[in-house]
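Reviewing the structure listed below.
Each chain carries a letter (A, B, C, D, E and F) given by its place in the written order, and its residues are counted from 1.
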């Protein structure tokens, strides 16, 4: 598998970085989604509805989907046990790139808690001596990339990398995936917000639409030719 | 030309990012060096010696070299006229990647002044209506990367990208280029400092030696596969 | 006069905070615009066209307009003389609120230079003993608010205040004012960018559209009832 | 109710923002204080004394008072259960403005823990589907304002808003409320500290005395006329 | 006792600030080391080996050593109970200076957790009324200094103080102490990293080798003559 | 000479760090004051009055005084020529410690400009080859310490060091030195502000009164015993 995306609630991945998943699967890379609650605390939608919506949305994105139990929506807490649950998943799936909500406070406390847990899990997964993980070989992921479900959740102390998602098919797939979360569409505000953010970031990057990702640590290249171009439009 | 590196004093490029130049030219990319003084204010070395040393060093790095007059070592000032001088060079040479000292205060005031001037120049070079540049067509560089002549000059608010320079030939070429600045070798402190920094950064990046570069703006990629791996060793 | 807005180029005020001007004049407050160049360095539009566009745009916004000579587009430099020019304007016009580009580096070097000059001018305008300003009585403005022409120019170290500009008449006026800069409309990118930014900020603020302003110093109130509400939507 | 102030120890509200309470109640607004321990870990004063002192102090401030059990002084821990306790209080009392210690490390670990809990509670209180809160309707507060019990606890990354508390009756009431905590008055250092801080902040704000408050998120206004004036004295 | 150093794993003190311990004991000051796990989660070395290595290393450094149980390597969690364990140690040992890992995320989650616990413990140790500590008199340490096990763990928001460890005997002792952790020497990378960091910091400080320490709060002096000199070399 | 203090206006040193000078001269160390204007732009006081006040104040502090011409109050500009003027003074006087306004924007633009010039001058003074300084031998100062004329001017990115100035004679001398600036005493606000700041900082430091200083670079010590104690009171 190439990409593992982790979200706290059934629509977080889609709203926060659905365009990234759409873009990557369109190019033939595989993606797997882990969702850590059924959105039980939300003002709209039952857990059953939310589950179905997430399944439909994953299908639209061309990704596989798996739910993990983390104590329920609005009940995430930071603990070693939860980090071990995620580390075990990393060892089982052995992804190259992991997309995680950023460990930055924003409109829902679960987002930042999950971000810290994924960061810890990426470390635990590669230590050889962790007793409760010993049945699976250690795994070091290639790259941890944080996404932000809303503008408030963007890390201020990490330089963003913009992924160009201007391709019309990518935008259509992403939009459809967001629309699949019908229970959250009473108003179209969330959908509008994400497309407007992608347009703003696109104009910053000199393309139509872009999504900002925040590397969980410094990147390493063996040639400057490997680097993307700069966001030179502005 | 692929890479343009700009330095305030005859040895700044070599000490700050000589390994980058060595690595890129070894892979067949072309590099041009612009040096903006003859090191007249330094405690050691005459301007003539410094000029010769820079010429020898550029040859070792496989790069071409050019001097520009900026008022003399320790006399750099920020002005539109100086930024226009650099913008004109950018239009003439039309580089893809530009390496510049970071606009961050450190042990020599010229470094930060030059960093601000290069940043301004990269913008001016692409405006269509600038009267004094109108004889050359506008040029937008692909990527501005800041280097730091010393640890103090590293920007704290930009996430670094590490270039792996572990290749033994690259290290040997870089070391030789630094040694070519014999007048600055009374003690080997500067040389030691750079190799120790590259070793620290290498271990941060999970390789033998690495050089930290700081993008002058967010980077844009069209696929996550384009991104380097993360510095996952630590 | 209530509000003085200052811009580096003929369209900066409109693109950066035109909705603020539209909103305030719609409520009966007066606004005056100072533009410090004719956009001579831009890739599109002659100085004459730009001047006419700014005049039309100001009329649409219900504001008065005045040009000031600052050395020409792309030639702004920080100097006491320029700050005194602005301080003299502040003493002459005696505004309560001043809108200025933020002193933050972004796609055009003039923006940050002008931001620093306005900040200095707001101080100089209130010192009693400045010889070259002595013919006009000192004036202390009530509030300095920075705007950002693009997302890159938003200060990271100042907490934003959102002005709700959701009123449909305000949005229409603002849009018309931006469209008045026809020479910059080859693509509609700038216009799109600003409306998308206002939509993102609106959703952050829990309204349809909002513009982020950045106070130039701490605000003082005599009752908590004076404070706006928080951006509680997200 | 207009204002809800929350404190970790019996004197935190008084020392951190007692002048704010005094100023608001003097103008006829209602205030309620929640105190989350009896100061059991302090070097001076028994829990019974501290309770009586807090009751007397609240009476002086013209506020009502309520104690909540959080595990005892020096034993605060971040947990969803504690955040739910506070969210339930927010739904019950339905305040407009909430004053909370800042989530910033300072001389007592409880302060930052409580700040994080209040921030979380303000979010949980407005989610419709939280099972354990379902018997009370959701409530979104208007504004979360952080106060700092000491200078070390002031957030560096939020721009302060100064409340003018220069009115002599306000200062007298505040001073009396602090003096009501007689067990903490062995030296008058805490009292001195707060009045000196208010004097420093007052001079920053151009008034006699002021208290710095730190908005928990960006503020939203529908007119620039709603904004306070700037702290223009200096 | 003069100095208490606390580490999460058997080799953290040696790799992070072993040169500090070596330098201080060489000058006749006493040092005690507290290690909070046996390195059970590491890829190399058994807990028994790690224990013996730590004992040998402490002997080389001229320090005494004590193990404390914190739930095991990779299982550190922030809790009041753990902070009380450390506070009790501070009251028992009554050190002047405490060296602690910085509360900054880096390659191992335990490091930052322990840093936060030590910071909390330094506060709890001086409160007079903490029930579970009442059998030992309160103690206020003189100075809390954070060290960083790797470059990633250096606090960006605290100005470093450099300790000159250039003395050849100090370097030899430090190197031997690191080598005593033979199970971690499969490659010499960790040892190399620390000596390279000390060389970089030494050159920043104008000496041969230096270690950066980060004060846990502002320092207080009664004369400027007490201050060290500045790092004036660069 | 031990200490050189540099100020932009006749009362800046006294208001910003007069207690430091008083404390040091009381202990027998010598201090020299450089003032770079006559306060010509101030609302109160003629240049002649200001000069006399500065002379009287220096006498009270036990320091010598010298005026330097920098273009006049409110007319400071950053230039190499001005930095050279200061570098020449450093070479002539050869001070160990230099006190300078911080290079941070605050209520008067001259303060930050002078801070940047002093920082540059400290570098230029030690370069061996600077033509216009060649008649005086290079000099490297021991320590550059920034002071802040007001709270707004305190650097947020440098950890403060507190100097204890609680000694009653020191406070009396400092107060008298501030009072010597009678033309600025129309209200006692500035005097009040500084004593209140010293009281707040004193309580932060666990002493009666303290002044915050901000090292211009990292400090170097050869023993932890050299470090002051931490500000452990709070």
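Simple rule for what comes next: contacts are C-beta pairs under 8 Å (C-beta built on N, C-alpha and C of every residue); 3 or more make two chains touch, one makes a residue touch a chain.
Small disclaimer: the values here were computed from a predicted structure and weren't measured.
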item	value
Neighbouring chains shared between chain A and chain B, ordered by label	C, E
Given chain B and chain E, the chains that contact each of them	A, F
Centroid comparison with chain B (C-alpha atoms), farthest chain	D
Most distant chain from chain A, judged by the mean position of its C-alpha atoms	F
Interface residue overlap between copies chain B and chain C, same or different (over half shared)	different
Distance between the centres, which are taken as Cα means, of chain E and chain D, whole angstrom	36
For chain C, residues contacting two or more additional chains	107, 152, 156-157, 204, 217
Contact graph of the chains (line, ring, star, complete, other)	other
Pairwise chain contacts, counting only pairs that touch as defined	A-B, A-C, A-D, A-E, B-C, B-E, B-F, C-D, C-F, D-E, D-F, E-F
Complex contact set, residues of chain C against chain F	79-80, 83, 119-120, 123-124, 127-131, 138, 157, 217
Chain E partner contacts - residues on chain F that touch it in the complex	3, 20, 23-24, 27, 29, 97, 126, 140-145, 157-164, 204-207, 210, 212, 215-232
Contact set on chain D toward chain E in their complex	39-44, 71, 73-77, 105, 107-109, 152, 156
Touching residues (chain side chain D, partner chain F) in the complex	106-107, 150-152, 156, 189, 192-193, 196-197, 199-200, 203-204, 233-234
